[in-house]
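Common to both upcoming complexes is subunit A, partnered first by subunit B, then by subunit C.
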Partner chain A sequence: MIGDMDLLKVLLVDSDSARSALLSQALQDQGYKVIARVKPGANLLATIAKHRPDLVVIDTESPDRDMLESMSLLNQHNPMPVVMFVDEDNDVVLREAIRSGVSGYVARNTDPKRVRSIMQVAIARFREYQALKDELYQTKNELEKGKLLQKAKSLLMKHKKVSEDEAHQAIQKLSMDQNKSVAEVAENIISVLEIGI
Partner chain B sequence: MTSGLDVLLVCDDLENSPDLVSGLKSSGAGNVFTASIDDNVLKILSNKIVDLVVLDVAKPTMNLFEQFAVVQAYCPKPVICFSDDRDSNVIAQSVKAGVTAYIVDGKSPDRLKPIIEVAMLRFNQCQAVKKELAQVKDKLSERAIIEKAKGLLIEHKNMSEDQAYKMMRKLAMDQGKKITVIAHEICDVIAAIA
Partner chain C sequence: MQQTIKIGFSPLTDSAPLIVAKEQGYFAEQGLQVALFKEVSWASIRDKLVFGEFDAAHMLAPMLMSTSLGAAGSIKKPLVSGYSFGLNGNAVSVSNALFEAMLTFESELIACPDKTAGVLNKVVKARKSASQTKLRFAVVFPFSMHYYLLNHWLQTGGIQANKDIEILVVPPSRVVQALEEGLIDGYCVGEPWNTHAVKIGVGVTLIAGYEIWNNAPEKVLAVTKEWAESHVLEHKKLIWALYQASAWIDDEKNRTALFEMLSRPEYIGAPISSIENAYSGQVSHPLTEVSRSIPNFSLPFKFYANFPWQSHAKWILQQMIELGQVDADMKLDEIAHSVYLTNLYREVMQEHGVIVPDFDTKSEGLHSEPWSKGPFQLGEDRFL
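Our next item is the complex of A and B:
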């Protein structure tokens, strides 16, 4: 038996309908902890930040523009799995919802028995996609760092008349002495030497 | 958005496939080709170009997911998997194998259309990130090989960094090759003589 501490915390966003009550019950029966039920509104992001859930479940007839924008912002700044249960089956809304980064989009009434697998798929997919985005972010960073280092080295070689090897060693020494990353040192060198021209 | 899609339907029970075939057709599919779970999916996909793969398998096996991991590596396709298996390990494996949508007990025809649309959109979104990642990785390894070649020229030919780079660029222009190709050749040659 898993303890209360291990239960995933769900923030349920709903309009207080009978169906939402069923969904809330289904989530709790399936081993999720519904830490709060809130109504959709302008301060949704602040509410999410306050409650710090592990995931967000939205039960709505149809998500409005505000909600889709909130989800898009959440996805950019504080990504977490979002599962959206939606009544109507509307192509435009569906497209916008996927673009806003929701991990699960379920159209039309849902049998409570299916809730658990829907949640599990959404969480697994969220992690997979997030890992991919993290890798992209890190690889871009590495490329950027390489470019900075190269530029700093070239500037040192030009302004201080040193060899590439000496420039490289100077940057590494600075990084150790100042306890800064190589990229930071490179940035400093670039800003000083470029202004000094 | 989902009209006229060519679909490959892979099922464990071909006798029960007509329902799903007609469901897919009324949800916007064009041609629906069917195959058994025992067929070689990779081979079928290399002969037939489809827009979407649908799996209808009560109990998906590791073996099946391994096949689809290979499909994802060589000819990525959106994959929808209908199953009865709620096991969380199976769900995790399916996502890892590149299954775009894993759906338990949700095969009713009126649900198919949004399921297909979500799967197509999500697949495209994921492919876009993967493509960008591959491009950035390419650039990173291009830089690495150019840096390496430059370093070898500086060390073995007593060139300055600037001279080394200009020489590589000149070679690339004269021979009509990419500078990364020249860098590879320089690395090979110097490694051979050094």
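Our next item is the complex of A and C:
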């Protein structure tokens, strides 16, 4: 799982260009490809969309942090792991931060050799979490579909005076005839019959 | 030796009690030595509190819950609060361009905030049929009253957040710039950042948070459960100092001094003309001479604004469930009880002879006028 990471593309967000240059060098030495170095406050979302990094490394003090942290939460914007660097080299803080979240933390004066392992942990964490989230999303989606179907069926039963089985068959037939998913057909039925009330 | 208590805050008008308690000596009177740290990002405030760099923080009430629950992969650490920084103070503003587009559907828009979401939906639909990109609205954090109030407002107009319009996060002090640069079309944020956008000609305020939910909770004084348990005395003193500061803020004769204090660069760093509206209850508008008046635009003290109501905590938790941010099968009462230390607040008040409600929960959404329960005068709590 680590083997394919040699070409990972990193986007660096830092207001201090000297530090950013140093970190950029350290990352490149560790086999990462730093595709862009940007200052916070620039149009971060557009920059990310343009460069499509695999990983974002950001200064903890940056206001853009909130924006990045929320990206996977609010919409389905291509979520990505975010690694932050903090001022103090406090091992307890680092370990706890990495253990507790999606993102990893790097202390500013971390030994460059450790940078790589911290990034790997961050990415592994992120993937784990993403897999969990996808699963949850799918389950939720299926539940939603089930609810739609149930609602469409009861509307049909009420308006067309048919049995539940007949309603079910009618929906399946429509789905096949119109080459649409059952959920889509259910949605159409609901919108037509509910407006008719 | 007296240890310094470090407190992080975000530059917003509702951080005022911290600033006043320090500047007016309420902390010192309690024998507390407090250092305030201004932060731009909410995530940063949270992390510094969780990792002990701060002892206490000015925090979004929903962040108290999301951190305690470790929601959505965020850092998990039990946090508690025994003091609320007040009620209301948010508003929804849009860019001048979007406001123009809305005016084509309803010319009297500014006088009828209750229609704004419906009119916005017309713009959303027109853009959709013209194959234009979705509108983008910012909130200050995924776990924030701003997101929940914005979502409630959008729903009243038949708009679905994240489906019909895009929602993204921009920190409070950066929204005006983002609006000006066209990165976003609108936002829900706390004062002074709505008034400020209007005053510098960048945006128009559509509706105040107060008009979405009368007297809604907003920020709280957050500490870790650990800290609260090992620093009971300091915690109580903090709460009492902040309570006195809130009372001072509420006294109109202190307003000039308050505005001067808040506008300083080390605190909010915005002009006095942008700060005063939150307190005078004025919603500015660029096209009319007269601003709209909402007396309770921001409530620092009145109606037990600093009381940590269990019903507020529960409403927030319900929003998290509704928006799919947390699992639906959690015990609301239990969690609300573990994060909002209503008893602690009451205890502190009683120790100083202040009488506060002897009930922890009040009804929400039933009153469009102030009302009384026993001797206690409570604020209206109606939803749009």
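Operating definition for what follows: the second predicted complex is superposed on the first by the 151 of 197 C-alpha atoms of A that agree within 3 Å, B and C clash if a C-alpha of one lies under 4 Å from a C-alpha of the other, contacts with A are read in each partner's own complex, and residues count from 1 in each chain.
Operating definition for what follows: a contact is a pair of C-beta atoms (placed from the backbone, for glycine too) under 8 Å apart; a residue touches a chain by one contact, two chains touch by 3 or more.
Bear in mind the structure is a predicted one, so any value in this text is a computation, not a measurement.
In the superposed model, A:48 lies in contact with neither subunit B nor subunit C. By the document's definition of touching, of the two partners only subunit B reaches A:139; subunit C does not. Using the contact criterion defined above for the overlaid structures, shared-chain residue A:23 touches neither subunit B nor subunit C, since it reaches no partner.
When both complexes are overlaid on chain A, the residue A:61 reaches subunit C alone and has no touch with subunit B. In the superposed model, A:157 lies in contact with subunit B only, and not with subunit C. By the document's definition of touching, neither partner reaches A:11: not subunit B, not subunit C. Counting the residues of subunit A touched by each of subunit B and subunit C gives the higher count for B. Overlaid on A, the two complexes show subunit B and subunit C touching the same residues of subunit A, namely 129, 133, 140.
Note for the complex: subunit A touches subunit C at residues 41, 43, 45-46, 60-67, 69-71, 73-75, 77, 90, 93, 96-97, 100-102, 129, 133, 140. Subunit C makes touch with subunit A in their complex at residues 40-44, 47, 51, 70, 72-77, 140-142, 162, 166-171, 173-174, 177, 181, 183, 324-325. Per the touch definition, subunit A reaches subunit B in the complex via residues 89, 91, 94-95, 98-99, 105, 107-108, 111, 113-114, 116-118, 120-121, 124-125, 128-129, 132-133, 135-136, 139-140, 142-143, 146-147, 150, 154, 157, 163-165.
Taken in their complex, subunit B has these residues touching subunit A: 1, 86, 88, 91-92, 94-96, 101-106, 110-111, 113-114, 117-118, 121-122, 125-126, 129-130, 132-133, 136-137, 139-140, 143, 147, 154, 160-161.
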